[in-house]
Structures are given as structure tokens and as C-alpha cells.
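One chain, subunit A, appears in both complexes that follow, with subunit B as partner in the first and subunit C in the second.
And now, the complex of A and B:
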């Protein structure tokens, strides 16, 4: 199968999956207890007329499918509806907050890849004390959930030492990077440990293979053996794990943004869920699903380039 | 060394290798020479140390190995040289053809890359020259240059073993080590690979150390044969003489247990018992417990290699060699 046909087919599949996801996302909010009207009224008893006015404004009395298709038609034109709590267009909210989240996730991903690959490589190649040190460090990292890391980092580097701000996302790129450093570390910690361990075991497996011995027996210098045969052969595993890492970042950013008070889409999702602001919840959920699927698509398209035994359209390796 | 004799291509003297956690050395005083252009077979069963012996010519030793003795390639001790020189020897004068070509070639890199990597990465040759040489050698092993762009998964096992052989010749080696190069191949490919190795040895004048457990194969292709048992060379001699008149009961038993097409049908003859365990020290002859000729002296004293009367090339380490001559032993 040609690359273009494969890519087109995968994008079509992705569109179909997104459509299904949109139905589930919309339906979940419909089934959840409570209604935006009762939140807006905040326990006050309202006259039936006021209640009816709210229901009419947000089309809450229409049948489910009618509401779904009205919403879907809007989404396809880039209109996610109006936020009930923020009283503004959801697309405006997204445009304001998505860049912060993407920057945070990119920073965390850069940290995970740089530190994770470095630690994994050292552990596998050096062995001995370096290996033990990496294993202990990564055990600690893997055992620390991102929200716990957030609290610890805040307490130490923001409150006690005052090196970094304890909350907020800053103005302008430099200030934003400074504000997002601690959150990015909190977000990266667990995944760095995971990637280091995956890299280590993939490299150890590759180191153990006969063709590495053969390369050495042919006088290929050790550094080149590591680069051309060990790192190269671990790349497939690392790439697959990379897809998983980005997915996890998308989920964990909800906790970390909340902990650090960062105005990204993660915090937006958390706030809008508690206030039953369903247009916002639906939009953010849909965006997260779309990002998640885009990452998987990229990994699927890259895998055949990394491993010639993976043929397009199937993950079955040749014997 | 006697100055009138040319320096042997490979000269292993008193090689003794001890691995951690074993009670006796895995190699115990191995002596072996391969002269220029000569084919020497190293025969023995699994675990006898034949692969380790051949790998020692490249200093490919298991981690933690304690080594005594000397392994000289063209007069230079491989065990004593520094890492840079060793890389040079590995990329140049000594090359190895491995058992399983599927495992020996990185499945993720192109075959052209595999052929050229050793000579280009050690800085011996430019990439262009190396590619030209690779095309030439692919021709010599009967493959065309389209293989260069292919991945190992896209060619057959027999073709890949030809690639491995071509790759071994890239650095113009004086010594080729073939570690059971046909075991992983089907019968047709086996014959082709053997014929190819013989042709190439003649054409390029390399010495060949051929490791195998196949006695008939060893007899067919080699000038001299070394028989190994439990880390020792038990018998060595010119191929014809050794197979016609074995002077060690182990060689005789191996010959008797080789299945013959023309022989009577029935149960295959086998050598009773098991080779000695590495976890137990050896006192006398390693073969004594399985040997039909064994006497008290065999359990007490390890026999030293001694030449057959009138045939100095044919040496066996057995207390009872003379009993064997002329009368075949029924094992």
C-alpha cells in the first residue's frame, strides 16, 4: 500500500472516530445528573418562568438528537456554542487557552525525551553503579504522581526558595516559560522515569542481540555500535512509548494546570465540569480526543520509517 | 619461533580460559595453528569449546573470562593489543562468518550498510571505495548490486549468508573464521555455501578455520583437523590420516556414530554418557568415563598429546593410542 493511500485512509478513519467520540461526549453530558439551569440559579428557587427562559435560551427542552445535530453543525463550522459560566464564545476561550497548554505539554515532552533517553542510555550502556542509580531515581520518579510532584515542587522552589512563581501562566513568551517551568517538571517527572526504563530495557535487549556481537567482531568502534545498532534498534519501542507519553501528558495536564492555576484547557475542563458548563466541557473533551488521535496517527505514520519490517497498514513484523 | 618457517596466520599457544562460576577451565591448554591458505577444521560437540577457540582469534570473549596463553595473528598477540589496534585487526586481517545470518545482520539497516560499515567506520576506506568493493565481492559470491539497497528481511537465508561471507572479505582478511556457517541453512544452500567458501579461499588465499560438528564435512574440505573434547584438543592431524586411522577413542567413537547411507539400518550408534560438567573439576582424561579403553591411569593422569610413530603431524592425547591403531573401536 502506498504511503499516500495509507495516510488518506488513516485520516478518514480518524474523522469517523472523532464523529463517534463527539456523540459520546455530547451524550455523556446529557446523561450526567444536574443541569446548567440549576447551577446558574445556585440553589435559589426560581419562578417557573425564569427556568423556562433559561431552558429556552440554551435549547434545553429540545429532544436529544436535535440538540446533538445542532451542536455538531456548529462544531463543524468552528462554533462550539456559548459558555454558560464565562458568557462568551467557547471558541474564544479555546483560542485563549490552548496555546498555554500546548506550550506546557511541549516543554514537558522535551524534558521527558531529553532526560529519559539520556538516563536510559547511561543505565544500559554503563551498567553497574550508573544503572543502579538510574533504577533508584526512576523508581522514585515513577512512584510520584504529577499532582504530588506539583505540590512538592511548589512548596520547595516557589514558596520556600522563591525561584519560580507558585501559580499563573505569565505574559509574553519569556515570562510564560518561567511560569511553566515547575509545572512542566511536575508533568514530566513520572513519564521521564517511565521512558528511561523503557529505553533501558529496549537497549539492553538490543545489546544482547547477535548482530551487535557481529558488529563488534568486525571492528566497528563501540560508540558506533551503540549508535547504529543499539540506539537505532530501540527507536521503534521509544517511538511507540512516545505516543503513549503524549497521551498521558494530555490527561495529566488537567491536574497540573489546576494545581498551578495555569489558564490552559486542562484547568478550563476542570472548572467547566464542576459548573456544568456543558458547551465548554464538550469542546475541550473533543479537542483532547482529537489531539490524542493526531498523536497516534503521527506515530503510525513514522513507525514504517523506523522499522522496515513494519509494513504500512499492518504492524506485523516479517520473520 | 623457528626463523626458517613462515609465521603462521593463526597461532594459538596454550590457550586457557576460565569463566566465573566454573570448576574447571572451559579451554585448557589449546594449541592450534592455521597456515596461510590452509583450511583447518575444528570438530567437537556442543560445549566442547570449539566456538570459543575460534572467537578467541578476534578476542571475542565472554565477560569475566580469565585468559592465559597467546593467540597470535600474523605474529601479533591479539590478547595483548590495545583497543584501537584490535578494531583494526577485526576490520582487517581476521573476519568471521557466523552461524545464523538472520541473527548476524541488523534487520533495520540496509545490506549495503552492513557490508561497508566496518571498513568505513574504522577509517580504513572511503565510502565510495567501500561501495565499489562491496559490489565486486557481491559479484564474487554470486549476488548483484541491487542487494545493496535491500533490507535483510527481503532476501533469503542462503542469499543473506552469501552477504555475510562477502562482508567478511571486505577488509581483505588473511584469516577467515567460519563458525558452523551452514547449520542454519537448508541442505541446498549448505552445499552452495561450502563450495563458495572453498572457491573464495583459493581465490583470495585466506587461511580458513572451519568450526563444525559435521565430521564428513570436515573431512571433505579441510587439510588438517583438530578434534576437541571438554575444552582440550584431543587429536589433531591431516584430515585423511585422522579419519582413516584415529588415535583417540573419542574420534573413533564419533566416526562410528556418524550415520551412513550405505550402512546397515537400525539404531544409530551413540556415545554412552554425557560430557563432563563444567561445575566439577577434572583430574584425569576428560573422556575416561565414556571410554571403552579406559584404565586406572586415565582417571589419575591427564594424557599429553603425543605424535604417532612415523607421523609427527598426527598427534593424540590418549594413554592408549597404540591400542587403537589398525583395529576400529566399536563404541
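And now, the complex of A and C:
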């Protein structure tokens, strides 16, 4: 199978899954007990006129599939409907809040990749005490929920020591970076531990293989063996965790943004869930799912380029 | 993760041997479970007894771990919180394990369209991170413990079913299965009586690891105020309640539940990982 055909097939598969996901996200609202109108009113009583207005605004008199396709058509044009609590377009809310979240996730991702790969490499190459230290540290890192990390970092570095602001997201890039440092660390902690472990075991596996022994016996310098034969070989395994890393970042950002009072889409999802603002919940959920799938797609397409031994389409499931 | 089973790793072979860290973690798991079971007998105070005059007091003889912002005894809330904090993940793990084994076995045994339908739906569930699915369901059905537990169980199901599927496929190729088939045993009988006991340790080890993750996810939902109802003692909820106190420089009532969560999750992870290593001879 040629690369282009493989790419086209993967994109089509992703579109199909995304379509089903959108159906799940939209359909969930209609599983709710009671009529959609009473659900949208969230227990508030309304006059018959108000009820009729709501029915008209959300086209609740149309059959379900008609509504679904109208919503989907809107989504494809960037129109996610109107927020019930904020009384503005959801797309506007998203445009306001997405940049902060993306910046936070990018910072966390940079930390995860830099520190995770470093620790994994040290553990695998040095062994001994370094290995044990990394194992113990990562054991605690993967056992710490991100919100607990957020609260603890906040208590120590923001309140006790006063090095960082304890909440908000700041104005201007420099200020934002300063405000988002602690949240990014809290967000990155769990994944750094996970990536370090994956890197470590992938590198240990590569170190065990015969081509490394051959390279060493031929007198290739150790640095070069590590870089060109061990690290290069374990890159594929590390890359397969990409989708998991990004989806975890997207989910944990809900907790971290709430803990630090950062006005991103994570906090938006939390607020709109508590206030039963369903159009907003739908939009944010769909964006999270879409971002996750997009990253998985990129990983799938990159994998054969990074590791030519991977036959197209037979990506080993990242367990 | 391919599990190569060269012998029948019966449950009886699981012994508490080896590293001190592992023993320590086994002890921790036992301690937390016992604390949760006997919490009502152990607690010194009513967990919801409010004493505003004594709010945020530090550790004292009367309150060994201090009190929170509403003057509630932290030790009592921690002990009783262990019940909710462990019961939720237990529900998630039991449901996802039972359903996951059923789905995975069916997919591997029947093959064909059953397999592809189940694999497709698995991929769809994978697209929804557990917590997102839970939030989606909570936004429809409202807060409570049941909705998130069911949502997380559904989200964890694919991990179990995929593992089960690969294990059953490996078992199916082995001669003893054909032997039973020749003798006229039914598929259900072979799966339940012979394959299931063979794959159980590996699946249960994975479920033990899942327990820690489910605990973190459920605690996260409680922290968002979307999990357990407000007055129920729960570790995640305690961190949420303690966050304002931390801002005012009284971190104890938030740090303690965090520490309990981390220790419990680490203990379950270490025990589960080690078990998985033993039964599946898995590489770390």
C-alpha cells in the first residue's frame, strides 16, 4: 500500500469516527430525562411564551436527525450555537478561551518531552542508582493526580513562597508565561513520569538487541551507539504514546485550569457542566475529541517515516 | 503488550515475596482497605460536625490531624472518605473487568463481524477520554456517584477487552482447546471453565492498575464538584474544600487528602505492576 493511499484511508477513518463521536456528543442530550426544553431551562420555570421561544430558538419541534444535521452543518462552519448561560455564541467563547489552553498545553508538552525523554534516557543508559532514583520518582509522578499536584504547588510556591501568582492567566505573553508556569508543571507531572518509563523500557529493549552489540564490538563510540542505534530505535515506541499524551493533557487541563482559576476551555467545560449549558459542553467535548484524533492521525502518519520497519497500517497498539 | 503464557499461572502462585517496596505497598493497600471497612468504628467525630469557632485549628490532642475551614475533624473525614474514594473505583473496576472479559472473549472466539464491530466500538470509546465521557454524562444526568462510575467503567472497558482479546486469541491456538472441542465441550464451557482461569491473573493484574487510575479520575471529578454530593466525605472533595484554606496559608486540610490519594494510587500501581510482571512475564 502506498503512503498516499494509507494516508487517505486513515483520514477517512478519522472522519468516520469523528462523525460517530459528534453523534454521541449531540445525542447524549436527548437521553436526558424530561423534554429537551425543560432540560435547557434546567429546572427554572418558564412561561408558555418563553418555552415556545426556546423551542423555536433550538428548533426543538424538528425531528432528531434534522436537528442533528443542522447542528453538524453549523459546527462544520464554525457555528456551535448559542451558550445558555453566557448568552453569546459558543464559537466566540471558544475563540476567547482556546489560546490560553493551547499555550498551557504547549508549555506542559514541552516539559513532558524534555524532562521525560531526559529521565528515561538517564535511567536506561546509566542504570544503577540513577535508574532506581528515576523509577521511584516516576512511580510517585504517575500516582499523583494533576489537581493534587496543582493544589500542592499552589500552596508551596504561590502562597508560602510567593514566587508565582496563585491564580489567573495574566496579560501579555511574558506575564502569561509566568502565570502558567505552575499550572504547566502540575499538568506535566503525571505524563513526564509516564514518558520517562516508556522511554526507559524502549531504550532498554533496544540496548539488548544484537545490532547494538555489533556496533559496540566494531568500536563505535558509546555516545554514537546511544544516539544512532538506541535512541533512534526507541523513537517509534515513544511516538505511539503521542495521542495518549495529548488526550491526557486535554483532560487534565480541566482540573488544572479550575484549580488555578485560568479562563481556558477546560474551566469553560467545568463551568458549563455545572450550569448545564449543553451547547457549550457539546462544543468543548467535540473539540477535545477532535484534537485527540488529529494528534493520533499525525502520529500514525509520522510513524512509518520515523521507523521504516513499521508496515503501513499495522501500527502496534500502544498498551 | 503480548502475554506469552508458558505455564498456567494460577492465582495460588501469587505470593508476597520480593522487594521491600512491594511489601510496603501491599501493607498500604491492606491498611487503606481495612481503614475503609472499619471507618465507622474508628472515627473519633461525626465527619460533618461543624465547629466554626475552631476553624482551621492545627493538630491538637483532640484533633490529631487538625480541622478544616468549617471546623470538621480532618482525621474523621479522611477515614470515612476512604470508603467513598475506594468504593467508586471498585465499582469501575468490577464492571469494566466483567464486561471487558465478556466483550474481549466474544470478539476473540467468534471472530468475523462480531470482532470487527466490537473493535470499531472500542476505537470510538478510546476517542473519549474517561473523564470527558464522565463529564458528558454528568452534564446530562447531574452530579452523583453512580453516573461517573458507569461512565468511567465504559471508558475503561476497551483496555480490558483488548487485553482479553489478545490473551484469548493466544489461548485458542493451544492444543488443549482443540482437545476439549473434539470431546464435544461447548464453546461457553471451554471459555468459562478452561480459558478464563488461565487468563484471569493477567486481566486482574491490569484491573488492579486500572483501580489507581479510576481513583484519580473519580477524585478529579469530585474536585470539580461533579462527583459525590457536597457533604459526603471524599478525598477529592476534601482537596476542593481545602483549596480556599490553602490560599489563606492553612494547607494541612488539603495536603493530607492529597497525600492519602498519592500513597493509595502508588500502592495499587506497584502491586498491580508487579503482579502483571510476574504472571505475564512482561518486560517493564
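Rule of thumb we're sticking to: the second predicted complex is superposed on the first by the 282 of 319 C-alpha atoms of A that agree within 3 Å, B and C clash if a C-alpha of one lies under 4 Å from a C-alpha of the other, contacts with A are read in each partner's own complex, and residues count from 1 in each chain.
By definition in this document, a residue touches a chain if its C-beta (ideal position, glycine included) is under 8 Å from a C-beta of that chain, and two chains touch if they have at least 3 such contacts.
Note that this is a predicted model, so its numbers are computed, not measured.
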Check your understanding: Do subunit B and subunit C fit side by side on subunit A after the overlay, or clash?
Key -> fit
Review point. After lining up the shared chain so the two structures overlap, which partner does A:307 touch, if you call subunit B first and subunit C second: first, second, both or neither?
Key: first
**Study point:** Which of subunit B and subunit C A:205 touches, first, second, both or neither
**Key:** second
Review point. Is A:127 in contact with subunit B, with subunit C, with both, or with neither (first, second, both, neither)?
Key: neither
Practice item. Look at A:147 in the shared chain and tell me whether it touches subunit B only, subunit C only, both, or neither; answer first, second, both or neither. Key: second
Exercise for review: From the overlay on chain A, compute the angle at subunit A's CA centre subtended by subunit B and subunit C, rounding to the nearest 10 degrees.
Suggested key: 80
Exercise for review: Examine A:276 and indicate which partner it touches, taking first as subunit B and second as subunit C; both and neither are also allowed.
Suggested key: second
Check your understanding: Taking the superposition as given, does A:219 touch the first partner, subunit B, the second, subunit C, both, or neither?
Key -> first
Study note, to complete from the structure: The answer to whether subunit B or subunit C touches more of subunit A is C
Practice item. Tell me which partner A:73 touches in the superposition: subunit B (first), subunit C (second), both or neither. Key: neither
Practice item. Quick one: classify A:232 as touching subunit B (first), subunit C (second), both or neither. Key: first
Review point. For the superposed model, what is the least distance in angstrom between any CA atom of subunit B and any CA atom of subunit C?
Key: 19
Review point. Which residues would you name on subunit A as touching subunit B in one complex and subunit C in the other?
Key: 319
Point to revise | Residues of subunit C that touch subunit A when the two form their complex | key: 1, 123-124, 127-132, 135-141, 162-163, 212, 216, 219-220, 223-226, 236, 239, 242-243, 246-249, 251, 254-255, 258, 261-263, 265-266, 269-270, 283-284
Review point. Which positions of subunit A touch subunit C when the two form their complex?
Key: 17-18, 20-21, 24-25, 28-29, 31-33, 139-140, 142-148, 151-152, 154-155, 159-160, 166, 197, 201, 204-205, 247-248, 250-252, 254-255, 258-259, 269-270, 272-274, 276, 278, 281, 285, 288-289, 292-293, 317, 319
Study note, to complete from the structure: Per the touch rule, the subunit A residues reaching subunit B in their complex are 209-211, 213-221, 224, 228-229, 232-233, 306-309, 318-319
Study note, to complete from the structure: The answer for subunit B against subunit A in the complex is residues 55, 58, 60, 86-92, 95-96, 98, 100, 103-109, 117-118, 121-122, 151, 153, 167, 171
